[in-house]
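Common to both upcoming complexes is chain A, partnered first by chain B, then by chain C.
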Partner chain A sequence: MSAWRRLRVKLRSVPGFLVSIRPTQRHTSPYGRLTLCRSLSTGSHLRNEFFKDLEAQLAAFRKKAADALPGSSWSPLQINPNLPPERADIVIVGGGVVGWSIAYWLKQKEMVRGGVRVVVVEKDPTYSQASTVLSAGGIRQQFSLLENIHLSLASADFMRNINEHLGVLNEDPVDLQFNQSGYLFLANEEVAHIMEENYSTQRYAGAKVSLLSPTQLKQKFPWVNTDGVVLASYGLENEGWFDPWTLLNAFRRKAISMGVIQCYGEVTDFKCTTNVLRTSSGDTVDLKRIGSVKVQMPNSLEYQPVECAIVVNAAGAFSGKLTEMLGIGSGPKDSIAGIPLPVEPRKRYVYVVHCPDGPGLDTPFLIDYSGVYFRREGLGGNYIAGVSPEEAEEPDTSNLEVDHQFFEERVWPGLAHRVPAFEKLKVTSAWAGFYDYNTFDQNGIIGIHPLINNMYLATGFSGHGLQHSPAVGRAVAELILDGNFKTIDLSNFSFRRILTQEPMLEKNIV
Partner chain B sequence: MLKILLPTIMLIPTTWLSPAKQLWTTTLAYSLVIALASLAWFNSPTETGWSCMNSYMATDPLSTPLLALTCWLLPLMILASQNHTSSEPTGRQRMYITLLTSLQIFLILAFSATEVIMFYIMFEATLIPTLIIITRWGNQTERLNAGTYFLFYTLAGSLPLLVALLLLQNSTGTLSLLTLQYTPAMELSSYADKFWWAGCLLAFLVKMPLYGAHLWLAKAHVEAPIAGSMILAAVLLKLGGYGMMRMMTMLEPLTKELSYPFIIFALWGVIMTGSICLRQTDLKSLIAYSSVSHMGLVAAGILIQTPWGFTGALILMIAHGLTSSALFCLANTNYERTHSRTMILARGLQMALPLMTAWWFIASLANLALPPLPNLMGELMIITSLFNWSWWTLALTGAGTLITAGYSLYMFLMTQRGPIPAHMMALHPTHSREHLLIILHLLPLILLILKPELVWGWSA
Partner chain C sequence: MMNSLHRCCQRSALLLHVARRRWSSSSASPPPLHTRLLLFLTQRFYDVEMLLSWRSQLTRNQLQKKNVYYGYTQRFYGLDIASAYFILSLKGGFRFAGQSEWFYADQKGKFSWDFLNHKDTPLEEVDMSYTVINYRGLCNLVLDLIHLSSESQRSLRTLKLRGCPEVDDWFLARLHVFQDSLEELDISHCPRITTGGLAALRNLKGLKRLDVSSLPGISSPGLVIILLEEMLPQCQITATGYDYNLNEAEGEEEEEHMQRQR
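Let's turn to the complex of A and B:
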């Protein structure tokens, strides 16, 4: 009842809607003066609220009417509404930020409405193990590969204008909380020359990076201990961190509003047709073409085969498992079929620490040459810190349990050495997330698999998938719809480099 | 007549008794023999026009081309269905061929019927095998919706036809086409007679389809398997045209005024469905709407009731039957390789399958009515007879021709030219069966250039 009253008051307060009221006129409502106040919300347009409220009212009314009327909602055709459609054009396996970015760009680039039918299949609706939401959320242009720099620049530009791209009519605008505080890489004597080379590459590509000497560094950031630091590289623009969950939801909301179908289920099997070809030396090569994808519903034996033309593998840390289902990696050792997709999950810990005397609000995302990193989180003196473990001490990936000993032994000493204020801190929280780690060269694999004619790969980003996701999504959409890369040429990231064993290594990575 | 009908009926026991390994070759060879034998119908010039007669069935220059087209289409349908049914158990394959054959039987009986009620019964009877083919062998969930639309649109249109025919029987005492042509024109003056006129034509207009009642076609064509699409596009639509042409003789003199809105609907439909084609993303949907466009011209040509109009309508029906069926077969070759009908995902196929591009090219040119193909002859005759009736129709038909050329080229360029995407790699090369299928569609079309008298109808 009070909701209806509130609605009526809103109607009255919009001048000229029900009754012609001049805004300066005083009027008394029959429900007393208590209900005359306008709501205290700021931000969205009043008209927007009216419609949303109205829809909520109507939905509540409909529900109440349905409950009151006799009869039940049983129907003889007990169709599970959560099943994916029987047929789709493109099935994107993996509902992380890369998957939804690809879905959004596919819809953005189709030339007519309803041009392609896209289904995004995600196995975990809570995203409890997804790398996207467990990420530290940083974005930087300080890479050594030109392609990576271009990807980050394009993604940063996308995120700065995110409401132009991902704004949905009559919905709240997207607020990524993009803190452009920059990244600060510190280099010691051995790696300073690499940093200088990277600096010139980055400037050539258009990134706004500056090199700082130790004195300049101390001047800019007095809380840093410049012991052992010979050179520092500081990103001035388009670098920082943002909220990955908001980005994921923005992509998802926009894509669904453009007609992408979302399905919660796990891809357990593929049905392929195989074309057996012979090479000139007489060996056989099996070229597979995926005909349909079997999607199993969560916590159920029910499944739905989805007939599709193209499958995009954006499954992140679990992409390797997906391609194993197609027999990649299980062929003879010296053949293409024997080379598995070199993506596996690697666990990384992130620790939230509270240090009231820590560095100030202009703290960049600092990455030390020892591998220890930290960034500011929020405005209350909290920081996020971590380090990449050595190859030998890679933690077990069967669960996402956090090893707090690791913080004591590996993270805190480095942190305290670099920032003396961090000698006194308190670990308030911690979590662990998977990198979709490319064991070959720690860079993304984008392109079609040589043996599976219609599976596109967009995985293996090893910790920088989130920051590249808008640009990677656009690149994969260009591959599928335009036949080739149009804006950023990522042909160096194709699967070929794994076949020819030519790694595209980044110098200085975290 | 019986020498074609009885073998077609016996094709049903043949499909059930053939050994599984030889099923498709047997039925294909059998139906090809029937098809070749049916060409003998062309060789019968008689005074009254009717030939090959028995008490219930006869052929005349109007029904002969359509009968030959029907008989020609059965081997083509069997050829086209071989691949996609190969994964099914033999019993189901036999059922499929039986349905196609029974459709054939009903169509032969319909086109050769001398009694209008028999034509009506066969007209309705063709719905059942088609419905079963669409709903059982179609590819998506939408096929149930498509089947419903298809069934109920046609049924709703043909119930008034039944009533009208019974009324006709009451007033004239006969419904035999042989004599109805010679009965004096009926006294059609009251308001109810106008409803009777509409009742006679409504079923055929829905079947053609006329633009306002065309929604079933878009769905049915897209959801049907390849043989269903072929028979729908090639022959079942022509049932509507044939019925209209037969009924026209007895609907005088009301047609002079009452046909006006339907002609306009038809011509407007040509432009509207042509424009819809330009925005289609689904290849089969594009070809389905182009069928509506061409049949709109046919409907207009028939309603004009001049010799040129009728001739043009008949030529266009035959030519469109072959062209549309060829385009559906081409779209099916695409679908079997990529499992998608979306045009934007299957582009640049000239790089991968160049000979198939040649067939696409000829079929697209036939669709846009390139001279000297019979498509142009038909369209030109209809356009001129419409122009003779009213100069203003030229604006609509001219724009229609332009848009037809537009979307035919759009379809060709979109599927064949342009960059080939990475997932179009390692497609199966074109099978000989597919080449044979398209040749068997396009060869009669090209041969008709040389002897169009075969399909001129009464103007011979």
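Let's turn to the complex of A and C:
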């Protein structure tokens, strides 16, 4: 009798709703626990199994029937959904903060909905080696080049109104966790004059910076050892540090909501058409135009050639490799084709230290004239410290392993000298990241390459990519859609300076 | 049409997967019915999405219009009268230096024009509690020319910003222009201020009284208040309205209670 009752219950559940029925429910003991019901007849056990299978089979049959009948979108030829589209207008190689900023601004500036089809290709979905997420996340206006100061000011403006720009309807507002703590540069006698010149340039450009004498410095920050310090430059506003992952995701979320297509894959090849021109002296110049980009799927042999009109190289530390694929740098030595893109990865270490008696809430991002820097991280007495290594001792860039000996030899003495409280500290963690280091003059390269008609470069920022990313994204979008820079004139950062060998060096004190 | 709707759903599903934080960051309970209905419609129809984005754009524009730079007033009447007019039009209040009476605007926004009699008297105390002042509006209290050093209200001593919904960290960072004169600052009940913004108060070394009560944005209030006291040693900090109890203690009590019941 009980078996029939159970069968009726099962038949009622057949029309599509999977109701979990416990056939042993009526065997509850008074102590509230279910005792296992062992039925004494094997026949009813086999019948239960049959009816359970029947339910699953009927559900599968219904699904197959629905798929096979006309009106469904099932097809026996399964297309990999992760492939990029076959045709796109603009392909941005590199899914870091600069790449996604360019994608956002391109969509922001298009005049009609769906005006440009933008695809962002990123080779690592985990962002394990990307410079964006491994960065210390600081933003400052204390540069010596006017363009850099304007880029930082524009980016700070953007971050101030970030919800106006990157707020998506019905989603959480963006919280960058911006610490308004300012940067503090310390100068000794030799470089104090550079600092004063930079100060007047910064004030002229509109940055809020103040100069401090050693006594004022000691008064403001009693934990600093002012030994050897002649002048200090302190940022009052729009300077500090923030969370780079949040900024990246905010750009990504907004860009995707506006229709940018995200693709995880690696660009392995380009298909170009070449125009061979002859100069008056008889040499040939190859003018290339990229026709399509070959995107290889991660961990697979599948690839998709994406036909595109414009390619943006925002690959950061790996931009040099990308241009090598196009033959830049492999021409004869004294021709334009023989000059490679001077961007290469450089490894930098960042150490997290814990010091219970260290400086408090007002700790700025302190950068000493010896190159040692540190900033506060959180509220628990943790700090992030590091130093830029000399040219001779540049670490190996094949991996992201951390050298702890480097901390003992180069970072700790400088820290302990500048802040006596740091003599008693403990290294809790460390990581390494790549700078997209511009070996020519350590400033960004923005513009079209002379030999490749439709490749825009936005790379080589040498550690300042994150803080300039909103403004650089807008500049590149203006270049592509308006033809020229409209808000900040970055023509001094074009590739031309590398051809004419005129470096735009930052006159920094470090 | 079905294709575009399908793509819209796909895109919104993708959107929901990209860096989605939990909905309940600010509100613990699920949103009310009309909000949920609007969210449902927004994810399926471009028109609804466009209308809602227009609405939010409109509120933002109205806010910016209220906080606009009173350039003409400054040019014809001077910085002090312009600041006074701005404060009154935002329904705040102020007191001139050397005077003892406060000028306020009432609920409907009406105010008397007597303040025009006091030309060239700087403002000493400003009360902008519960107004919609934001970073842009602050430029009316600060005269900021690029080539000269910033001339601000040199004698501004008290600034009350209690319960202002638009005062955030960047606003606090701008207050460095008052670093010589400001003695009392009240930023309690402002929902947008976080710990990073409180670090910006490092410049106000002359501050004597600071009120940071009931700030919903700071995560560990006890620690932050201690660090603030270390940062501003001459300042008296009022920080009420925080629950300093350890939440774990309550959880443990409940577990013990359940175990005893079994």
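Note that in this section the second predicted complex is superposed on the first by the 433 of 510 C-alpha atoms of A that agree within 3 Å, B and C clash if a C-alpha of one lies under 4 Å from a C-alpha of the other, contacts with A are read in each partner's own complex, and residues count from 1 in each chain.
Throughout what follows, a contact is a pair of C-beta atoms (placed from the backbone, for glycine too) under 8 Å apart; a residue touches a chain by one contact, two chains touch by 3 or more.
For clarity, every value in this text was computed on a predicted model and none was experimentally measured.
> With both complexes superposed on chain A, which partner does A:164 reach: first (chain B), second (chain C), both or neither?
second
> With the two complexes superposed on chain A, say which partner A:180 touches: chain B (first), chain C (second), both, or neither.
Second partner only.
> Between chain B and chain C, whom does A:237 touch in the aligned arrangement: first, second, both, or neither?
In the superposed model, A:237 contacts chain C only, not chain B.
> Taking the superposition as given, does A:287 touch the first partner, chain B, the second, chain C, both, or neither?
A:287 contacts chain B only, not chain C.
> Looking at the overlay, what does A:445 touch: chain B (first), chain C (second), both, or neither?
After superposing on A, A:445 lies clear of both chain B and chain C.
> Now for A:139: first (chain B), second (chain C), both, or neither, which partner does it touch?
The answer is neither, since A:139 touches no partner chain.
> Taking the touch rule as given, give the residues of chain C at its contact with chain A in the complex, in rising order.
Checking each residue of chain C against chain A gives 11, 14-15, 18-21, 23, 25, 38-39, 42, 49, 52-53, 56, 60, 135, 146-147, 150, 169-170, 172-174, 176, 194-200, 202-203, 205, 220, 223-224, 227-228, 230-231.
> Note which residues of chain A are touching chain C in the complex, please.
Interface residues on the chain A side: 160, 164, 167-172, 175, 177-182, 204, 206, 208, 220, 236-238, 240, 249-250, 252-253, 256-257, 259, 360-362, 379.
> So in the complex, which bits of chain A are touching chain B?
85-87, 89-90, 110-112, 114-117, 275, 277, 287, 289, 291-292, 307-310, 447-448, 453-454, 456, 479-484
> Could you pull out which chain B residues touch chain A in their complex?
Against chain A, chain B makes touches at 139-141, 279-281, 338-340, 342, 344-345, 347-348, 418-423, 425-426, 428.
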